[in-house]
Structures are given as structure tokens and as C-alpha cells.
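In what follows, structures are represented as C-alpha cells.
In the two complexes below, chain A is the common chain; its partner is chain B in one and chain C in the other.
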Partner chain A sequence: MQLTIKKQASYIVPSIAFAIALAVFLIALPYWSSHYVVSLMCSIFFYIALVQSLNVLSGFAGYVNFGYVGWVGIGSYTVMVLLNRYGVHWLPALFLSGIVSMIVGIVIGHPLLKIRGIYFAIAAFTFAEGIRFLFSSEIMAPITHGGEGVTVTNHDLSLNGQYFVALFIALLSIFVVYKISTGKFGLRLLAIKSEELPAECLGINTTADKIVAFAISSFFAGAVGGLMAIHIFFIDPESVFSVEITLQAILMLFLGGGGTVFGPVIAAIFLTLTSELLWSKFILLHAGILGIILVFVILFLPEGIVPWLQDKKILPYTRKL
Partner chain B sequence: MPPVPCLEVKNVTISFGGLNALDDFSFVASEGEVKGLIGPNGAGKTTLLNVISGVLKCNKGQVIFKGEDITGLPPHRIARKGIVRTFQIPKLYPRMTLWENLIVTSRVENGPKRAIELLGLAGLFDFKNEFTRVLSYGQQKLFSIIRALLVNPSLLMLDEPAAGLNALEKNKIMDFIHQLNRQLNLTFLIIEHDMGVIETACEGVCVLHYGKNIAEGTFEEIRIEQKVKKAYFGEGASSSE
Partner chain C sequence: MENLLDPLFRGVALGALFALIASGFALILGVMKIINLVQGEFLMLGGYATFFLVQWTHINPIMTIPLVFIIIFVLGIIIEQIVDPVATKEAAGVLLTFGLAAFMRNLSLLVFSGDNRTMPYLVDSFEVFGVYLPQYTILNFVVALLAMTMLFVFLKTTSWGKAIRAISENVDLAQVCGIEARKMRIISYGIGAGLSGIGGTLVLISRNIEPQMGGPYLGIMFAVVILGGMGDILGACIGGLIIGLIAAFGAHFFSSTVALAIVYLLVPLMLLVRPRGVFNRGNM
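After this line comes the complex of A and B, so read on.
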């Protein structure tokens, strides 16, 4: 007994010290860094939140959403309309962008989640592309300004402000995924991922659980999309519905390990920085190199880095129930 | 006292294209009974389990469980009412520990305590924090029964519980079924090809052939039934004996 207390204590002190140091670093960072670094950090936080919310539906429940960016883009446009047209404050606007995406997620999720695997992926991808065309079209032009794009103005959120909001959303997404992973809901989603029909026959209401997962996933996608719109200042369907956002998030999820808490976070940080580096040095090879990483991940680490390290007993299997 | 019906299947018909997988099929399982369901391959046994558990919807007929019509309910609601099934392949959740496999769908009172008891009873307690892949196939089958038990069934349907097991493992599973049947008065519906298992485990047997209930009775009665012999060995079976 004494030994365990000692052992725990030996972990607790460095963990608290590390957490305090990290908090101080993250709070102080925007005040002494260049705009470029703050903006890069915002991208990292966006991707942490995006990959974590993708994790809920695709990592835990196993429904890989290839149309993920659709919900991000809906969030971006919602914020643009709320700020530009109705002069709503950025905070409720961001919240509402999450809500709008979530409602679309619930409505679309109901029929979409009846199909599985590659069919689900194709249907979700088609949905996102459909929304992109719709938002570029003349019918929606009075609201979306069509393919021309539109600037997102009428808010008082400075770059540092965006940094802290992005940090908050990223931390919130990690917290939500942590709660899911340590609760029965997360286990039910994992059960759905591996054996959906038996799970249903053992009393799990799989439809309800999948829709809740889709709703959580869409809410974060929408809120991040909203903040991204403010951050990048100018949005058009090509940029906020870019399939590259979906692919990056999926790559991060696969690399880090779906259904884990910290795998996707580590992968989001690593890949955002790698991507930035590649983008600035080898602009033409950028997508190709990311593609090669994806192929290697699928071939050699099909479960992702964290589950692989857990299997090798290098990392502990941390889920506790 | 006459036996109380636990499950009544009334005139169930289900067709895939032009084929009637179940054709006006009826049978009753009484409370506390261990009922065997046999028949040649393709007779409709698993289809029947799928209809009872709500995985498939029948075109005609009714499934009555403890006096309540449960026809067409979704599988999770049927499971929550007390009908739980296992599959031919154990279908465990591979990236979850044994403990998590049990807790995720547990609906019994004192779930964790009961889970520990059952794991102990099946000799799997030492593996509780391991992934399911450490279990042998026989252990996986046994474990899938434990997982189903924790959903709190009053009718447990086992789809070929002894298939692919050696003699020792078969005995273990049969002992387990007997024990549960005696202690909890649990009703069982067992699909099995192994006649040894059916003979030792089941009180009543129902024979399916081309989706029809061709014979019902004790194992001894079924064994000498001409229709059953024909179903298994063809037309010449009766004359050759």
C-alpha cells in the first residue's frame, strides 16, 4: 500500500510541475512571439480540436467521415452571416456555428449512419462536395457570395484573442474525448466500431449512440470552422470546404490512433508542424509527402502510434473503468 | 402445473426473394426449459434466431415473449426485454479488455460483482485485464456466454455453442449451461449440430427443415422420427434401417 502511494506521488509531482510549466508557456507565448508563431499555434489548436472531434465519430465509433470538412465549412459560413449581417458578438456566434453544424449533423446523420464502411465514407464525401457546390452556386449567392468569397469582419477578436479561444476549444475537445474514453459511452462506441450487430443484440441502442457521437463531432467541427473563418479573414467555398482539411484530420487520427485520447493530439501537433515546414520549403511536394506518410502509417501502424506503443508495453493501457 | 410459455413463435414466415427461409413456423419454449433447435444446413435455424432477436423482420407471424408481442422491435429493445443471443463466431470486442467487454453491456444488478463471479466460474478471472485475443477459441465462446448473461436475460439463445470445440471444452460449456439453468432458472434455446450436446443438454428438441417445424419432442422421440431421418439422410433413410 505504502509502495503504491509512493509510486503515485513520484508521478504526481513531475506531472503537476509539467502542467504548470506548460500552462505558463501557453499563456505567455502570444505576448512575446511574432504573429506568424501565434498564427501557427492557432492552426495547431484548430487541428487538435478537429482531430479530436473526428475521433469521437471515426476513432471511437469507427465511422470514418470523409465529408468532415462539410461541417467545418457550415460553421465558417454561419459565423460569417451572424457577424457580417446580424452583428452578433463573436462568442455567441461561435457557439451558434457549432449548434448549426450539430443540427445538420443530426439531420444528415440519421440516414447516413445506416450505412457502413466505404459506403458511409463515400456518402459523407458526396455530402460535403454537394454543400460546397451549393454554397458556390448562384442560388445561395445572396448569402454566401458564391465562388467569389467574402471577408469576415465586424468583430473585435484580436489575434491573441483568437489564440486563447482556439486554445480553449482545443482543451475542451481533449477534455470531452477524455470523458468519453473513460466512460461507458466511449466503450459503447468502441463496441459499435468492432462488432455493431452483436453490440445491438446485447442491448446497445447503436443508432442513438452514433447520432450523439455525430452531434458532438459536428458541434466541434462547426465551432472550429467558425473560429477559422475569423482567423483566416477571407472565406470562399474552395478554402473552407477544402478536402485537404478532411484528409489532414483523418491522417492525424490514423497516425495518432483512433479511440485514444492523446494519440490524435500528438499527431496533430507533429503533422501541423511538418506540414508547415514542407509547405514553406517544398510547396510542390507537400501533398505528395503527406500522402507517403499516410501510406506508411496504414501499412506499418494500422492502429496508430499510441495503440502500437501500448501493445509494445511502452505506454500503459490507461482507460480505467 | 402446466409449463408456462416463455417464448412463443407463431406462424412466422420470412422469405428472401422467392425462398421461404421460414415457412409458417411455430414453436413454444417453456420457462426454465433447455430447448434444442436442430436441422440440416440451410434449414433456417439462424434465420429463426435472427427473427426472434429482431435482426430480421418477418413477413408474417408473431413472436410472443412472456405474453408480450415483440415482433418487429429493434434488437436492442428485445435484448433489454430479456432475450439475449450469442453468435456462431464469438464476436468479442478486440480492443477492449475482458472486463470492459463485460461492463459495457452489463444490465444486471451489482454488475461488477456478478462479472467477477462469472469470470471465476468460467476460470477466466486471471485474464480480466487482458485483451480478448489472449483467449483460446473455446474460452472465447465461453466468454461470449458470460457477456450475454450480464445483459440479464431470461431467455438465452446460443448459436452453435459447441462448434469448433474439443471434447473437454464441449463438456465445460454444457456443464456451464446446466449450472445456469438450475441456479437461475434460465430458459435456453440452443442451435447445435453436435447431437451429443443436444442429447445431454436439451430437454426438448425442435427439428427444422426447409423453414418448417417437422418434428418436436424429446431427443429419444426425435431420433426415431421418420421425417427427421428423411431430412438428414434423404428419402432412402427409412427403408435402409
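After this line comes the complex of A and C, so read on.
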């Protein structure tokens, strides 16, 4: 018994020390780095938040949302409208963009989630593409400025400010996924992922749980989309509803491990850094490289990095990871 | 009323083209049960194959069609080696082909450059019932009809065709009867790829091709297969016709962008309301 307690205690002190060091590093970072580095960190935080929220629906519940970027883009355009037309302050604007995306998620998700697993993926994908055409069409142009795009500058959020907001959203998303992972909601979602009909027979209200997962996922997608709009300050349907964002998020999710807490975080950091450092010179190849990595992950690491490490006994089998 | 004959004829020809393009997708879906997201890239590469064949040898574009079929067939067989491990696992298959398609699209962008390529052929108009149509409309219709008929005959009468139908119904029983399932899967994937490839030839002639075109055409393939009923070629024909008419009338009354948006938004709607197709004959 004494040996067991000692083993648990040996994890606590180093991890607290690590957490404090990390916190100090992250908080101090904007003040001694260049704009480039701060912007890069913002991208990392964006993708951590995006992948974590995708994790809730696609990693835990297993409904892979191939139209994910649709909800991100809706958040971006919501923030654009709120800032440019109504002069709303960025904080309520970001919150509202999350809410709007969440409402769309609930409204569209309700019928969409009734479609069986794989066809849900097709439906979500074509929905997002349809939304992209819609936002660039002449009908919506008075609001969205159509295909030519629009700048988002009517706010007073500096780059450092964006950094901290992004950091906050990323941490919030990790926290939410941690709570889900260690709670009953997460267990129900995992049950839905493995065998939905038996889960339903066990008394789980799969429809309600799936919609809640969709709502959480789309809220974060919208909020991050809104912050991204502020960050890159020029949005148009092609970039904001780009399939590459979905591809990147899905790849990070499957590389890290759907249904885990830190898998997506590791994958998001790793992929954003490598894509920035390694092949930013080959910007034309970006989507292609992501694609081939996805192929490799599916063929050789189908569960993701964290479960693979757990199988190799390098990491413990715990839902907290 | 006169005015509506124009989108009607265009819609039928377009429908035949869409049916041809989607037949490859439908075949692979029916036989291997995977949603082959690479299909759009087969279309695109078929178009480029025609483009370069004609550029290098100056032969009639129509003559390239059998050649393109063979080229893309071989490409399909190669790609099949990568896809086969996930052939029965639906979710993994979609993700794999998604990544593969992104890779192929990107590679093509580098090799072919992003410019639109066109190869205008048979563009002179001819008149029928007071409507002026470009001649390639007839070409599309005839080629598509011919190809679909040949496919139908192949599946119904030849031993390979029957073997393919067998493994799409019940792989284990078919193998017990002595059919080599793996070989048949390879062949059907190649045929599916080749069909979309010659669709690409027709698209090059009647419109234009560029490396990113795989995505939008894939969406059309989805719409065709879902509307017509998944699982067989006749479904692709029916769905193709319906989508062709919707696209033509949509472009006539609104614009082509809106028509495309309608077609796209129809997919989740159909999956929700009538997943087995308009005539309820799909079996997925």
C-alpha cells in the first residue's frame, strides 16, 4: 500500500512545478517576443480550441463533422457584422458569435444528427460547402459583402490582447474536455461512439446528448472563428469557410487521439509548429502534406498518438489524459 | 414556354454527363462500400489526360476517350492498393480518401499549375425545336449514354460483371463460390475511376478544368447518388437526370452559383428526409 501512495505522489510535485513554469512562460511571452511569435502562438491557441471542441462531437461521440469549418465561418461573419455594423465591443461580440454558431449548430444539428454515422459526414460537408456558396452569392452580399471580402477593424483589441483571449479560450476548451472526459456525459458519448443502438437501449438519450455535444462544439467553433476574424482582420468566404481548416482540425484530432484530453492539444501544437517551421516555404504543398499525413495516421495510427502511447504502456490508461 | 425548352434540353444533357460522372462513384460505393472522396480527382485527372494527349498527339478529343479510360483505370488500380485496407471500415475509408484527395489535388496544382484549361470542341450551335444548343451537348449525351449502356451490359452479362455484383451483395458467399473478391475489388475500383475519368474528358470539352475542380464535382456526385438511390447504376442515372435538370433550371432562373448552392443544400435535406432516394429504391 505504501508503494502505491509513493508512486502517485511522485507525479504531483513535478507536475505542479511544470504547470507554474508553463504559466509564467505563457503570460510573459508577449512582452519579450516579436509580433511574429505572438501571432504564431495565437494560431496554436486557435487550433487547440478548435480541435478540442471538435473532439467533443467527433472524438467522444464519434460523429466526425466534415463541415466543421461552416460553424467557424459563421462565427467569423457574425463578429464582422457586430463589429462593423453595430460597433459592439469585442468581448460581447465574441461571446455572441459563439452563441449564434451554437444556435445554428442546434437547429441544423437536430435533423443532421439523425443521419447515420458516415452519411452524417457527407451531409455536414455539403452543408458547409452550401453555406460557403450562399455567403459568397449575390443574395447575401448586402450583409456579407459577397466574394470580395471585408475587413474587420472596428475594435480596440491589440495583438497582445488577442493573444490572451486566445489563450483563455484554449485553456477553457481543454478544461471543458477534461470535465467531459472524467464525467458521465463523456462516458455516454463514448458509448454512443462505439455502439449507438445498444447505448440507446441502455437508456441513454442519445439525441439529447448528441445535440449537447454539437452545441458545445459549435459554440467554441463560433467563438474561435470570431477571434480569428479579428486576428487576420480580412475575411472572405473562400478563406473563412475553407475546407483546409476542417482538414487540419480533423487531422489533428485523429493524430492526437479522439476522446482523449491532451491528444488533440499535443497534435495541434506539433502540427502548427511543424507546418510553420518546416513547410511554410512550401505553402502550396500545405494541404497535400496534411492529406498524406492523414493517410498515414489512418493506416498506421488509427486511434491516435495518446492511445498508441497508452497501448505501449508509456502512458497510463486513464481517462484524464 | 418556348424559353423553358432551353434549360430542359441542357438539363437532360447535363444530367447524362452527371450520371456518367457519378456512376463511377456509385459503382465503388456499391461494391466496396466506401465513400470514395478521391473520385473527384479521377475526374480532374481524366480531363488533364485528355488535354495533354491532344496537345502532344493532336488527335481528335473523342479518340482519346478509350485511352483516358485505360489510363485512369490503371491509376485507379494503383490507388486501390492504398485504399483497400480500410475497404470495410466506413469511417476510416472516408478519412483516408479525404486525405488522399487533398494530397492528389495539391500535387496536381503543382504539376499542372492552377490555370483553367479549356479545349473547345464542337462548340458550334445547332438548332432543335427553336432552341440553340452547342454541339457538344449532343456529344456529352451520346458518350454518356454509350458508356452507361456498356457498363450495364458488362455488369449484367460478363462473368467479371457478375462476379462484381456478387461481391457487392455478399462477399463471403461469393468467395465460397470461388470468386476472388480482392481481384474483383481492384477491377471495380479501376472501372469506377475510369468512368469518372472519361467524364473528365467531356467536362474539359464542354467547360474547363482546373486542379481544384474535384471538390465541387464530388459534391455533385453525392447529390446524384443520394437523390437517385445509393447502391446501383440505375440510381446514378435517375439522380443524374434530376440533378442535371435542377442545375439547368436553377441557372436559368437564378444563377449558376445559386444552382450549385441548391444542389449542395439538397444533400443534407435528402439524407434527412428521404435517404433512400426520390423513388425510395436505394439500399443504404
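In this text, the second predicted complex is superposed on the first by the 311 of 321 C-alpha atoms of A that agree within 3 Å, B and C clash if a C-alpha of one lies under 4 Å from a C-alpha of the other, contacts with A are read in each partner's own complex, and residues count from 1 in each chain.
Quick note on the criterion: a contact is a pair of C-beta atoms (placed from the backbone, for glycine too) under 8 Å apart; a residue touches a chain by one contact, two chains touch by 3 or more.
What you are looking at is a predicted structure, and each value in this text was computed from that prediction instead of being measured.
By the document's definition of touching, of the two partners only chain C reaches A:L294; chain B does not.
Contact with chain B, but none with chain C, is seen for A:A199 once the two complexes are overlaid on the shared chain.
Put chain B and chain C next to each other and count what each touches on chain A; the higher total goes to C.
Using the contact criterion defined above for the overlaid structures, shared-chain residue A:L187 touches chain B, although it does not reach chain C.
Look at A:S137: by the touch rule set out above, it reaches chain C but stays clear of chain B.
Comparing the two interfaces of chain A, the one with chain B and the one with chain C have no residue in common. Within the complex, the chain A residues that touch chain C are 62, 64, 66, 108, 111-112, 114-115, 117-124, 126-127, 129-130, 133-134, 136-139, 243, 247, 250-251, 254, 284-295, 298-299, 302. Within the complex formed with chain B, the chain A residues making contact are 184, 187-188, 190-191, 193-195, 197-207, 259, 303, 307, 317, 319, 321.
On the chain B side of its complex with chain A, the touching residues are 53-55, 74-76, 79-80, 84-85, 87, 91-97, 99-100, 103-105, 107, 147-148, 151.
Residues 35, 82, 85-86, 90-92, 94-96, 98-107, 109-110, 215-216, 219, 222-223, 226, 255, 257-258, 260-261, 264-265, 267-268, 271-272, 275, 284 of chain C are the ones that touch chain A when the two sit in their complex.
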